[in-house]
Each structure stands twice: as structure tokens, then as C-alpha cells.
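Paired with chain B in one complex and with chain C in the other, chain A is shared by the two complexes that follow.
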Partner chain A sequence: MNRGMGWTLIRLWTMLVYIFMFLPVAVVVLLSFNASEFGAFPMSGLSLRWFVELAGNDAILRAFRTSIILGALTALISTTIGVLASLALIRYKVPGQNLISTILIAPILVPEVVLAVALLLFLNALSINKSFALLLAGHVIFTLPFVILVVQARLVSIRRDVEEAAMSLGANPVQTFFSITLPLLLPAVLAGGLFAFTISFDDITGTLFWKPGGVETVPTQIFAMLRNSISPEINALGTVMIALTVGLPLLGLAIARRMSANSGG
Partner chain B sequence: MSTVKLTDIEKRFGDYVAVHRMSLEMPEGGFVTLLGPSGCGKTTTLRMIAGLLDPSAGEIEIGGKRVNDVPIHKRNLGLVFQNYALFPHKTVADNIAFGLKYRGVGKSDIDRKVKDALDLVQLPHVAGRYPRELSGGQQQRIALARAIVIEPDVLLLDEPLSALDANLREDMRVELKRIQERIGVTTVFVTHDQSEALAMSDQIVVMSAGRVEQMGAPEEVYNTPASEFVARFLGASNIVDARCTQRDATSMVLETPDLGRIVIPSDRGPKVSATGPVKLVLRAEKIALSASQPVHGEVAHSATVDTVDYQGQAARYFIRLGGLQLQAINMIDTHPHAAGREVTASFRPADCTVLPA
Partner chain C sequence: MGVEAREARQPWILLSPALVAITFLLFVPLAFIVVYSFWLRTATGADVAGFHLDNWTEALTDRFYRDILLYTLKIAAITTVVCAVAGYPAAYFIARSNRNKGFLLLLLMLPFWVSYIIRTMSWINILGVSGAVNSFLIWAGIINEPLQMLYNEATVILGLVHFLMPFMILNVFVSVDGIDQNLESAANSLGATKLQTFFSVTLPLSLPGLAAGGLLCFVLAAGTYITPLVLGGPRDAMFANLVFEAIITQLNWPLGSALSLMLLAVLGALVLVYNHFLGMAQLMKGMG
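Showing the complex of A and B:
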């Protein structure tokens, strides 16, 4: 009796916590379909007009393009560097291995603001101006640890003797990498890439510090818009962002599952 | 097919010497087994032949050509691992075809060779499957097919049977030997299992702590161990301290407190050159126990059975003979000798081996 009561209370409490966390998100999503000009309940009717207006807003479209290019490049560069670094750290003996590993993972542990300011000051000292390349570099540094962690975990599970077998059959080390190691690593590489893309797409703190004047990503654009007024367009934009940042990793996870099931784990 | 020749090869990992100056010649088409407990350097030696490890010193020749500086992918070797090491993302046919693709073999030839290889390992119907869909024994056959389809100069087998369960292991042992004889490839086999080594090899190299203890045909290594390590590692042996009091070209005389005076042919102790303390090696299965009359006339003593380890067709007895504790393995006629029984233990001096103390 008593125990059943306790469990009911725990369930209730958990539900309250979830409601607390997700209610604001749900409100934003709901209001994005609101027909009325003013973001308030009760909703006056369902409409897609804010999405249409969003699609016609040049500043937002530009920000979208910037975010997607930035995210894609970040993902590409991060996974390339991440795979190479993981290979070096796991498959070969590198002097100072632990130190390198720690430095590569460190950006996760350092508060983002600190990292952002540090990079900015460093480049200031070198008298390099803010640019898209700098923004990209910042995002790569910031996403690299996630890629490395995912790829390393997978690489450890790929048996060395599979690669040795390939080499004994006549494949040189580069051919072995592309025909054996990379296909087996692919689920982790894709997952890492998606992580990098989502994190970059979502990032605001670092981006605010690093972006050159005139360049806006979606989060900084929302931030700028919020300073003027709370337009229902922002609700629509928020909904799109939620769909992207939640949907992409889920999609990636599903693909990675399928692929690793096919390659026998 | 090629000979493999190792000359004074050595492998050091920092201060640790994994393989001490080892020289070895493996004849063309031969089946040579590197046998020893884990850590004896047998796998290290195999990996040096394969090109997966560089020797710290010495020469490796395959087919009369020095290969020290030839990377593994240019050595043309077939390599089979304990854990199969099949490519999990490729079908069986693609696994087997892998090596052929790097040898410029045409598409139709690849298909034919893959089919022949699958026939050879008696798995003609699995070409389209993935490795995870096969049993352990089947996976190891595919690994073997993949290694031999490239017609390697040398086939290297690194404990290929150890991951299989007992019954399957014996079947695969016969199968592996049949395939090796059929294609006649020079084979280096690494194992810690003495029965695999004895059953399959033309030549056994017994290794311990990075050194070669003995090389020779299975019968020779088994019947005439060259060291106490070999005697203990292969089969069950009794090793008794003795004193050589007399030695000439044909025979030597050994004195022991418990077994008395034994006259042994000199060729049973080729390493014993002078009189003095020696070790007498007595194989457990060479000691015959009987209820009354001794089986062998020459050396017979009465003994007491301490413990009986019943094994079905045979039994292992732990017996007390004077101050000695000995093991004897005998086939069981009707019933094994019971513990506590008085028996007559006898053996032929020609079945003993004498080693320097």
C-alpha cells in the first residue's frame, strides 16, 4: 500500500518536472500556428501564415543559409580532423598521447564564454580580424570533442586483426583504411558529423563573440529580433529550429543503428 | 609455395626480450608448428614472419628472398587468426574475393576462384551470406578460404582452432590438415595445444620464454624430449633424480634410491656426456601397472595406488613407489585399479629419456 503510494508520487513528480521543462517549448510550437497577431491564449485559429512570412523574410533566409553552410563545413572539418586524431590516438603510439587527448577534449569542459573570449583575445593578439573563417574555426574547436569521443568509442571496438587480415591480403594501409576501417567506422563518423552540425547550428554564445559584423546565424538572428519586438514569426522560427535540432540527430541515430546492425556491430 | 628461413632473429620490446636469437628453416610444403605456453614468443615469431612486427635483429627469408623490408601487403601470405577476422560488412564471397582484387584478377576468374575456394572448405552455399550469419567453425573455414584463395607463398595460422569448441576443434583439425596437404602450401601453425601440434605437424618447434627448446618430428619431440621443459609440456612425464655411474657407446647405468639400478641404451641420453647427476624422464603411459605379474620384465617394483583419475577408456593413477610419487596412464581392461591397491609397476628402460641434471 505504502509502496504503491510512493511510486505514484514519484510518477506525479516526474511528470511535473517534464511539464515544467517542455511546456514553454510546447507553447512556442503551438503559438507558431496561431492565426492572431498577438502571441496569447486562447488561440484565435490555426494558420501557417507565420511560416509563410518567415519564408519571405530575407534576413532570416540569409541567416538560415549562413547557419547551414557553417554547420555543414563545421561537420565536415570536425569529422575529418576527428577521425584522423582518433586513428592516431587509438591505433598508433604518439608521444604525449594523453596530453593531446586531454587538449582535444578540453573544450567540452571549459565554459563556452571562456573559450569564446580566449579565442578572440588570442586572435586579437595576432592582429587577425574577425571573419567567417574564424567563426568556423571556433565552431570546429567546439564540436571536435564530440566527434572524437564518438569515433574513438567505435574505433576501439573495431578489431585490429581485421585490418591486419586486409593488409595480409594485399591492401596497403591507405586501401585498408578506405575498404575496411572507414566503412566499419561510418556509423560513428555520421553520428559525429550530425552532432557537430547540430551543435554548430544551435550555438549562440561562441557565435556572438566570433561572428564578423553583418553575418548572422539563425540563433543570433532570433536574438537580434527579440531585442526589437516579439513577433509571432519568432515562434515559427523556433518551431523550425526545434524540428531541425531534434529531428536530425534522431534521423542520424536511426541510420547509424541500421548500419551498425548490418556490419555486425 | 616457398621455404621460410629465419636467421638469428630477435625481438625486443624495450628491455623485454620476446624472442631470443632464433634460427629456423621450414621446408617447402612443410607443416611446422610453433608450440609453447602463452608468452613463449610463438605468436611474436609468427607476426615477424607475417610482417606485422619488425625483428630487432636477424634475417627473415621467404622463398630465398630477404623480406625484412618488405611490408606485409607485398609478402603474399595467407594469414588466419584465432578470432577469424572476417570483414563484417562484406559478404562471404566479397571476403574471399578481397585479396584477389588487389592482384588484378579478372571478374570471371574471381568468381570461379571464390567458388573453388568455397568448395574446398566444403561450404559451397554460403557465398551471399554475412559472416555474422555463420557459426564459428564456418567462419573459420571462410577465413581459411580467404587466405588460401590468393595462392600464398606461406600460410600462417595463429591459433586458428582455439576459439572453437572441443568437438568442432578436432573436426577442423583433420579438415585443416587435409586442405593443407591438398594444396601443399608451406604452413606455419601457432598453438599452445600439444595434441593439435602432435596430430598436424611435420615438424614441431617447442618454445619457452622466447627460446627454442627443441625442434623435430612430432614422434621425436614426444619420445625424446631434449629438455625438462619439453618433457613436462608434452604429455605427462615423471622426472626422477638419478646418478649416472657408468657410460659407454652403447649403454649407461643409472642408480636411483627407489628404482634401483637401470641400464639404459646410450641413445636415450644423447646430451649426457659424463657420469654424475642426471634426470630420468619416464612418460606416464610407459609405466604399466598390473595386479601381480609385471608387464615388462626389465624394471619392476611394487607400488601403491594413491588416487585414480578415471577417464573412460584410460585412467591416470597417482602411485607411490618407495619415496617417489609417480603418474601412470594405463588403458583400462575391465576395471581400473582401485585406490589403495598394491600393484606392480614396470617399464622398459628403452622408453626412458635421460637428461643432464
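Showing the complex of A and C:
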């Protein structure tokens, strides 16, 4: 189909925009395999030496452990709370639905810096100092709206009549939930959990306010290392993070597809 | 208790953990820093409770804070406009492309999964002293000494545009994708040129998406303090950097509270104006 000059220009422009979005990140990955001492251009060859160096860096390994534990706990709590709230909003007629929805997404509407300051000062007044607990509370509160949005979007597509059929065939509500609703819900739960994990794993804005001295997550570790200069080690760390945070959702997407394909057929 | 009463209570039981969490981890803390902003910081470090206007007087009348607030809004506005102008054609292309729509959308989602700090620092590899651009120019013999391209206002904007572009494209895409293409065909068959059709049919109908993307870009840009720290120079501090300084470095929590609330008031006002004219539903469409 010939759509003319304008279309060709728009297509070219779109390609440039995509290159703009991806090229810098691609360069991070490329340079992380750089064999040269300074980790910059020109590249002198390919090597895994910076990854080996990463694996031997205690500070970075600790940061990874902190990030993974924090992300997993955030995902667990946020998804549990979020799925319950989404069920209520999709399955029931609740008075003041709009107001409740707005309240539930309020943590996204408040700038993260302000949220970070408010939570830090309030919990400090309750004698909860900068700690892992504060970090976790913060991460739960700002991942919750995203979980609710994602889970709600998935829940809408689950048909109520399957549950009603189970009930009318004699299953009680608890049986119905575990044998019908939960399996149908699982892709939504997984999607919400993965989303919460990646947002938590990537966060830096709030984390810098909440983290206790000496504790680093991977993003704050990268940030601290940037103070000196960009090193090939940072690029390698970035590459590992990209592999984790891009690979996990893609994996999740694939699993969700397969599961919904199975339950559909 | 009747079945109906139980039915009516169930959603509230399901909602209560989320509502309790948001109340005690967001609303009560926000109310708390309103109170805190009237307290006083003393030299000994202990904050004195009370009702003092000192922090607010300082935050609202000191030229230093006002200038940085205006500078922050300027940076956010430029970022938003650049995202809109550069992102709109791309969003339009994705919405109207027949074959690659799914693939292009999937690609568009990828940057959301790549950490903000990595996307920000990636520009050091490109524009830094030993980055790609300088290395190429030296290799090509165009320059002998590397150019100093980083750590200024332009690179802060560049970093923000890079970070926020996917938000804009996604929101505009949702809007353009929802336009009934028969309207465009109708305009064409009534004699409008392609450009006329675009400006009188497509663009007006996609304004809600453009506004939603614009709001997100502006609010996120105006609230950032990482980008100026990584890609800006010493004179490129934005308002959130002041908040960070007051709270973390100087430990002046009452003043930090007042500054946070100033930022919240300015950005919250924008959200309210947006909500009044367009409602939150449009914003949710782009995120879901």
C-alpha cells in the first residue's frame, strides 16, 4: 500500500526515536564486554573480565542480595493486598467506587520525593528509624497502585459465569475460589508480582531517602559508584540488571500466554 | 446476619488492607509533614513542636528557592514539549502501522523495565570525555581534544526526555489507536487534504492522550533529583535536590517538610486541573 511521502517521513522519524531510546542502553551492554582497561571506546576486544570482577565484588553482591530480598518481599505483600483490593473493585458494586479507585492510585499521583519525605519523617516520629522495614513499607506503598492497575486490567477478562456454574453445581465459595477463581487469577497475580518486583528492584528516588547507612540496593550502589567515574564494572552491573529486569517480565509474559492458552483450550 | 449484609461487607474486607496501608503510609504521613513544617529546628538538632511560620516564610520569600522552583518548572516544561513533539509522530506511526504494531509496542515497553539509573548513566558512555561521540570525532580526525558535552542543562533535559519518552508515546498511542478511522476517511472523501484531516480530525481527537502523556512527563520531570545529580553540573540543581539537601544532608526536617509541600502543591494543582477537565480515567488507560 502506498501511503505517500508523509508516511515515509513518519516511519523514518519513528525509527530515529526508537534508536534514541535504545542506543544508549545497547552501548552499556556492548561496553560491558569490552576487554580494554578503561572500559570506554575504542573497544579492544570482547571479554567477560568485568563480569568476573563483579562476581568477586562483595559490596555489589551484598547490594544484589538486598535488592532481591527487598523486591521479593515487596512483591509478596503488594500483590496480596493489591489482588484483594482489585477483586473488591471488579467483583462487587462498592459505593464510592471512583473515590476508592482514586485513593488506591494516590501513591502514584504524589511525587515520589514528597512521598519519601513524608514516610521517612512520620515513621521516624514513631521511632522507626531508617531501616529495612522503612524501605519495605515505602516500596510496598508505591508499587501497590501499579499492581492494582495491572491486576484489575487482567481481572476484567475473567468471566464470572464460570464461578457461578461451579457454585450451581454444588461447590461452596471456598472450593470455588481455590479450584476455579485462583487458577484463572494466577496470570494476573504473577503479572502483578513481577511488576512490583521490577519496580522495587529499579527504584532509587525513594530508596536513597529510606535506606539506612551502609545498606545499598543495586541502583544506589551504581549511583554511589558513579560518583567516581563511569567504569566498565558499572556497565557490567547494568547489563546484569537489564538481563534481570527485562528477562523476568518477558519470561512472565511468556508463562502468562501459555497459561491463558491452556485454560482457553 | 442476612446474606445480603454479608455480601455488602465482603468488598470492604477485601479493600481494607490496601486502604489501611495507604492511609497510614501515605495520607497520615502527608498530614504529619504539614504539622512538621510549622515546627522549628534548633541548633542542638532537636526539633521544637509548635506553630511557627519561619520555615514557610523562608521557603516562600527566599529568592533562592523561588528561582530554583521556576528553573525546575522550566526544565519540566521543555522536557514535556520535546517529548510531545518527538513522540507524537512515533505514537501515530505505531497506531497506524498494520504489520508491526505488536512488536513496536513490545519494544516500547522494554525501556520501562530498564532501570532509570542505568538509562540515565548510559549517556555518559555516549557523551562523556571517552564516550562514543568523542572517540568517533577523534578517530575521524575532526577534533584533537575531547569535547566537554556533559554536565549542563541540555544533558539534564536529554536524560529526562530519554526517561520520559515512552510514557508520552504510550499515552498518545492509546488515544490515536482509539480514533475511528472512518472519520479520517470521511474527511478525505469530503475533499480535505491529508494535512487538513490530521489537524482538524486526528489531532483534536488525540488531545486527551497528549494531555495525559504531558501531565505524566511534567510531573515526573519536575519531581526528579537523580538526573541533575548524574547528568547535570553544580548549577543545575532542581527543586527535589533542595528537598534532598534539606532532609538528608542538613537534617533540617521542618524546612524540608515545607519545601516538599511546596512541590506537592504546585504539582498537585496541575493534577487537579487535569482531573477537572479530563478525569483520571484517561491517565489509567495509558498505564493499564
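Everything that follows uses one rule, which is that the second predicted complex is superposed on the first by the 249 of 265 C-alpha atoms of A that agree within 3 Å, B and C clash if a C-alpha of one lies under 4 Å from a C-alpha of the other, contacts with A are read in each partner's own complex, and residues count from 1 in each chain.
To be clear about the criterion, a residue touches a chain if its C-beta (ideal position, glycine included) is under 8 Å from a C-beta of that chain, and two chains touch if they have at least 3 such contacts.
Bear in mind that the values here come from a model prediction, so they are computed numbers and not experimental data.
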Next on the checklist: Just checking: does A:Met167 make contact with chain B only, chain C only, both, or neither of them? Give me first, second, both or neither.
Outcome noted: first
Next on the checklist: Just to be sure I read the superposition right, which of the two partners does A:Ala72 touch: chain B = first, chain C = second, or both, or neither?
Outcome noted: neither
Checklist entry - A:Leu184 contacts which: chain B (first), chain C (second), both, neither? => result first
Checklist entry - In the superposed arrangement, does A:Ala85 touch chain B (first), chain C (second), both or neither? => result second
Checklist entry - Now for A:Val240: first (chain B), second (chain C), both, or neither, which partner does it touch? => result neither
Checklist entry - If you stack the two complexes on chain A, which partner ends up touching A:Ile255: first (chain B), second (chain C), both, or neither? => result neither
Next on the checklist: On the A-aligned overlay, A:Val215 touches which partner chain: chain B = first, chain C = second, or both, or neither?
Outcome noted: neither
Next on the checklist: Under the stated touch criterion, which partner chain does A:Leu136 make contact with: chain B (first), chain C (second), both, or neither?
Outcome noted: neither
Checklist entry - Looking at the overlay, what does A:Val114 touch: chain B (first), chain C (second), both, or neither? => result second
Checklist outcome for this item: Winner on chain A touched-residue count between chain B and chain C: chain C
Next on the checklist: Going by the contact definition given at the top, which residues of chain A touch chain B in one complex and chain C in the other?
Outcome noted: none
Next on the checklist: If we count contacts the way the header does, which residues on chain C are in touch with chain A in the complex?
Outcome noted: 7, 10-12, 14-15, 17-19, 21-22, 25-30, 32-33, 36, 86-87, 89-90, 92-94, 104, 107, 110-111, 113-119, 121-126, 128, 130-132, 135-136, 139, 162, 165-166, 169, 194-195, 219, 222-226, 229-230, 240, 243-244, 247-248, 253, 256-257, 260-261, 263-264, 267-268, 271, 280, 284, 287-288
Next on the checklist: Show me the residue ranges of chain A that touch chain C in the complex, using the header's touch definition.
Outcome noted: 4, 6, 10-11, 13-14, 17-18, 20-25, 27-28, 31, 38, 40-42, 80-82, 84-85, 87-89, 91-92, 94, 100-107, 109-115, 117-123, 125, 137-138, 140-141, 144, 146, 148-150, 152-153, 198, 201-202, 204-205, 208-209, 218-219, 222-223, 226, 230, 234-235, 238, 241-242, 245-246, 249
Checklist entry - What part of chain B is in contact with chain A in the complex they form? => result 50, 52, 71-79, 81, 83, 85-89, 98-99, 102-103, 130-132, 143, 146-147, 150, 156
Checklist outcome for this item: The chain A residues in contact with chain B across the complex are 159, 161-162, 164-173, 175-176, 179-180, 183-184, 262-265
